[in-house]
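Below are two complexes that have chain A in common, paired first with chain B and then with chain C.
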Partner chain A sequence: MNDEQMRLSKNVMADGYGLIAAAGYINNEGGQAIADAATDLISNGCGTLLIDLDGTRIINSIGVSILLEIMEKLLEDKGQLAFCNLTPTISKTFEIMGLVQYATIYPDRETAQTDLVGDLSV
Partner chain B sequence: MISLSELLRLADSALSSHQGPQFAEDLLRALVEETGSRAGILRRDGDDLARWPPSVSRQVEEATDGWTAVPFAGDISGWSLHLLKPEQLEELVLSAARLGLRAWQLREELKRTRFDERFHLWELEAIRAIAGSIGGILEPERIAEELISHLVALLGVRSAHIYLGDDAATATSVGGFGSPAIDDDGLTEAWEHGVYSEEMAAIPLVAENGTLGVLVAAHKEARAGTEPFAANDIRLLELFAVQVTVAMESVRLTLESLERERLRNEMEMAAVIQTHLYPQVFPEVEGYGLVAKATPSRHVAGDTYDAFKDGDSLIATITDVSGKGVGAGMIASGVHAAVRLMSTNGAGLADLAVRVNAYLSGATEDNRFATSAIVRLESDGRIIAVNAGHCPILIRRGDGTIDEISSSGFPLGMMPVATYSEHEDRLEPGDLLLLYTDGLTEAEDPDEEEFGVENVAEVVSKLEHPSAASACKELLGAIETFTCGKPLHDDATLLVVERLAE
Partner chain C sequence: MEVVLHLPVVPNVELVAAKAVETVGGALGMHQTGIEATSVAIVEACLNAMEHGGGQMVVRMSAEDSNGKPSLVIEVEDQGGGFDPTESPRNSATRVHGCTSKRGWGLTLIRELMDEVQIRSNPGMTLVRMRKYVENAP
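Up next, the complex of A and B:
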C-alpha cells in the first residue's frame, strides 16, 4: 500500500477534449498535480476533460476539494468534466461529495471517449 | 453609473449562484471605475483577494501615496478595500459593494457547510463500509488494509499503521500506508496510554482482555503542507481504533472457536478410531461367553480391553493408562496392539508383560504407565493370569464366593525392567471372571465415598442368576445407584467372562 506516488499524464485527444490519467494517492500534492494538468489543458482550449483514475485507490478530502474546484472552473467556462475507472469506494465518495451531480462517471476510458467525442480510433 | 449597474449585477449574481475567484476582481474593477480611483486592492483577513489593475504589485502599493482605506463592518469586518486617490466615494456605491461581498461570503460559507455536511456523510459511509467489508475477513492484514485505506482518505494523513501483538515489545505492523511514524520507544508509550502530538496520534487498541495493539496516524495534510490534528480528527481516529479493536477481537474469537471445533472433531474421530479397536464381535471360544461395557469420561479413553483367540485358548485383557484424554488414549491403543501382536502361539503371559513393559517404558516421556490384567483361558477351564499393577481380578464361584487374583508386578512402563509372575487357576462351569478398571471402583457417592472393590465383589456375589450379562447389568446398575447418577470421574471399563455350563 506504500507505493501510492502519483503518476500522471495529460493529452489533448481531440479538439476541445483533454485526457488526464492519474494513478496514485490523490492528496494535496496529487490533487494539485491534477489541477495543474487541468489548468494547462483548459488554457489550451480543452472545454471537456476526462480524468481517468485507473490505478488510484485513495483520495482524501483535500483531493476531493481540488477536484471540486476543477469542476467549478470548467462549469464557469461552460465546460464539462468526466471521470472513468473509479473504484467502488471512490465512486461512492464522489457520489456523497457531490461530484457526480455535475460530472459524468464512465466505467472505462473507451466508453467515455466514445460518448464524449466519438470513436477516436476511426 | 454604468459601473454602479455592474456592481449591482455582480451582487445579484453572487446572491443567485456561487461565483469563483474571478468575482473579487470583477467587483474591484467596477469599484475602481465607479469611484474614479487610479487603482484598488481588496483584502480579506490580510490576504490579497484582488488587485486592479493587476500590475499594481505590493512594491508599487508601498511606493505610492494617496491610498484610502475603506473599512467594512459586521459580518464582513475581515474585509478591507484600498483605493488609490478616489475622486468620489458615494455611500450608494459602497453599499452595492458591501452587498456583493456579503452575498459572495455567504455563498462561500454555504459551500463550506455543504462540504462539511457531505464530509460527515462520507465518514458515516466509511464506517458502514468498513463494518460491511471486514465482516467475513479472518486475516488481520486484510482488515488492516481495508481500515487504513478509509482512514487515510478521511483523515488525509500521509502515514497510518496498525500494530498488533501480545505486548509492545512483540507488536509488529500488520498493515500500513506511508512511512512508519513511530519508533519502538514511542510504541511502548502508546501501548500504555497513547501518544498525542500535533504531528502524530497513536491510540492503543484496548479490548476486554487487554491491549491488542496500536493504531498510529501521522502528518495530517492541509491544502499546503501539513497541519496539527484537530479535536475532530482525534475523535475520528478513536472511532477507527474501536473499529479495529472490534474487528481484530472478532477475528481472534472466531479463530479460537474454529480451533476448538477442529480439536473437538479430532477428539471425536480419535474416539471413533479407538472404539473400532475394541472387539466388534467377541471370538467364539467353546465353553466361554463374554460381555463388556466401556464408558469413557472423555471422548477418548485411557482404558482399553480386548478378547481374542490364540489357538484353542482365549486371551482376555484389560488396560488402564494413567491420566485421561487423547494422550492416555494413544498409549492405551499402543498397549492394545502390543498385547495382541505379542501374545501369539501360546506365548507366556509373564514374558509378554515383560516385553510390553520394556516397550512402554521407553515410549512415553511424561512417565505415563499402564495397569493391565491379562488372562489366558483354556477350553478345559484352566486359566493363567498376570496382573501388572491392576485392580484385583475377581472370580465368582458358583456358590457366590469370590476369589481375587492380585497384582504380581509393577504397572507396565513404570520401571525400565520389571518381572511378573503368572497365577494359575481354574474356572468351573458357571464361574465368572471379572476384569474391570478403577473407574468403577473409584466411582463416588455424594459424600465422596468410593464404591470400592468390596462392593464390586458383593454385588457380583449376590447375583440371583449369575451370568456375564447379569453381572455386567447389576454391577453398572449398582454403581449408578451409588453415584446417584453423577457422571464418573474416570474412564470405566468392565469385561466379564463366563464359563458356560457343558
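Up next, the complex of A and C:
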C-alpha cells in the first residue's frame, strides 16, 4: 500500500497562481495535507489554485469533503479552484459531491495553465 | 471465485479491501474504470462499517453471472447497531456550498458508482451488498 502514501508538492507558479501536485490516497490525512498546502499558498497571495491529481487513483468522501472546504475558502475570497489529471472515477465522484459546480476541471496541467494564466514558458 | 476478508478496525484497512477489488476485478477482466469505481465504493462501505459497526467487519467478494452477464458481487458486513436504510441520507450536489456538514456521502457514492446495491440492517448486523458488471469480459 506504499503507493497510496500521499506525495505532495506546492509551488507559486506566477503572480497569484499556485500549483499543488498530489499523488496518493486522498483520505482525511491526504485531504488535510492538500488543505494545508492550499492554505499556505492562499496566505502567500495565490487566489487561483490548480490541484494536479496525476498519480491519485483512490479517494474517499472524507478527503473530498476537505477539498470542498478549500473550495469554499477560495470562493469567499473570490478566488478560483481548478483540478487536472483526474481519473474518470475521481471526476465522477467530484460531480456527485458537487465539487465540479464550483471548480474547473482540466484534462492536463498544460491545458489548465494555459487557460488560467497563459503560457508560463513564454 | 470467492474472497473473504476479516478486517480489524485499524487505520487505512479499507485499502486492503480496495486492493482485493483490484486483484479480483482484474482477474475477471473488469475495465480499469470499473475497478476504480468499485474500489471507491468498497472503501466507503468499509468506512461506514468502521464508523458505525462496532468492531471487525467481514468483506466477501465473488464472481457471479446475472442474466448471463458476469459481475463482481461484494458484501460488507458489520455487527453494529444497525439503521433504517430508507432513512439514510441521499445527498445532492446542490446542497454542498455553504452547508455546515459535508459528511454523510458514503451511501450516496456507493449507490451512484455501483450497478446494484442492497442494504439489510437490523440491530447487531448490517449487510451492504453491491454488484458491478464486468462489461468487457470475454
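What we mean here is this: the second predicted complex is superposed on the first by the 120 of 122 C-alpha atoms of A that agree within 3 Å, B and C clash if a C-alpha of one lies under 4 Å from a C-alpha of the other, contacts with A are read in each partner's own complex, and residues count from 1 in each chain.
Definition applied: a contact is a pair of C-beta atoms (placed from the backbone, for glycine too) under 8 Å apart; a residue touches a chain by one contact, two chains touch by 3 or more.
It should be emphasised that the depicted structure is a prediction, and the values quoted were computed from it without experimental measurement.
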Contacts of A:Asn85 with chain B and chain C, given as first, second, both or neither: neither
Which superposed partner A:Ser61 touches (first chain B, second chain C, both, neither): both
Chain B versus chain C as contact partner of A:Lys73, first or second or both or neither: first
Chain B versus chain C as contact partner of A:Glu4, first or second or both or neither: both
Which of chain B and chain C A:Thr93 touches, first, second, both or neither: both
Residues of chain A touched, compared between chain B and chain C (which is higher): C
First (chain B), second (chain C), both or neither touched by A:Tyr102: second
Partner chain in contact with A:Gln113 - chain B first, chain C second, else both or neither: neither
Set of chain A residues, in rising order, touched by both chain B and chain C: 1, 4, 25, 27, 57-62, 65, 68, 72, 89, 92-93, 96-98
Interface residues, chain C side, partner chain A - complex: 12, 14-16, 18-19, 33, 36-37, 39-40, 43-44, 47, 91-98, 102-103, 105-106, 108-109, 112-113
Touching residues (chain side chain B, partner chain A) in the complex: 18, 20, 22, 114-115, 118-119, 121-122, 125, 129, 145, 148-150, 152-156, 158, 175-179, 221-225
Residues of chain A that touch chain B when the two form their complex: 1-2, 4, 25, 27-28, 57-62, 65, 68, 72-73, 76, 89, 92-93, 96-98
Chain C partner contacts - residues on chain A that touch it in the complex: 1, 4, 25, 27, 57-62, 64-65, 68-69, 71-72, 75, 87-90, 92-93, 95-99, 101-102
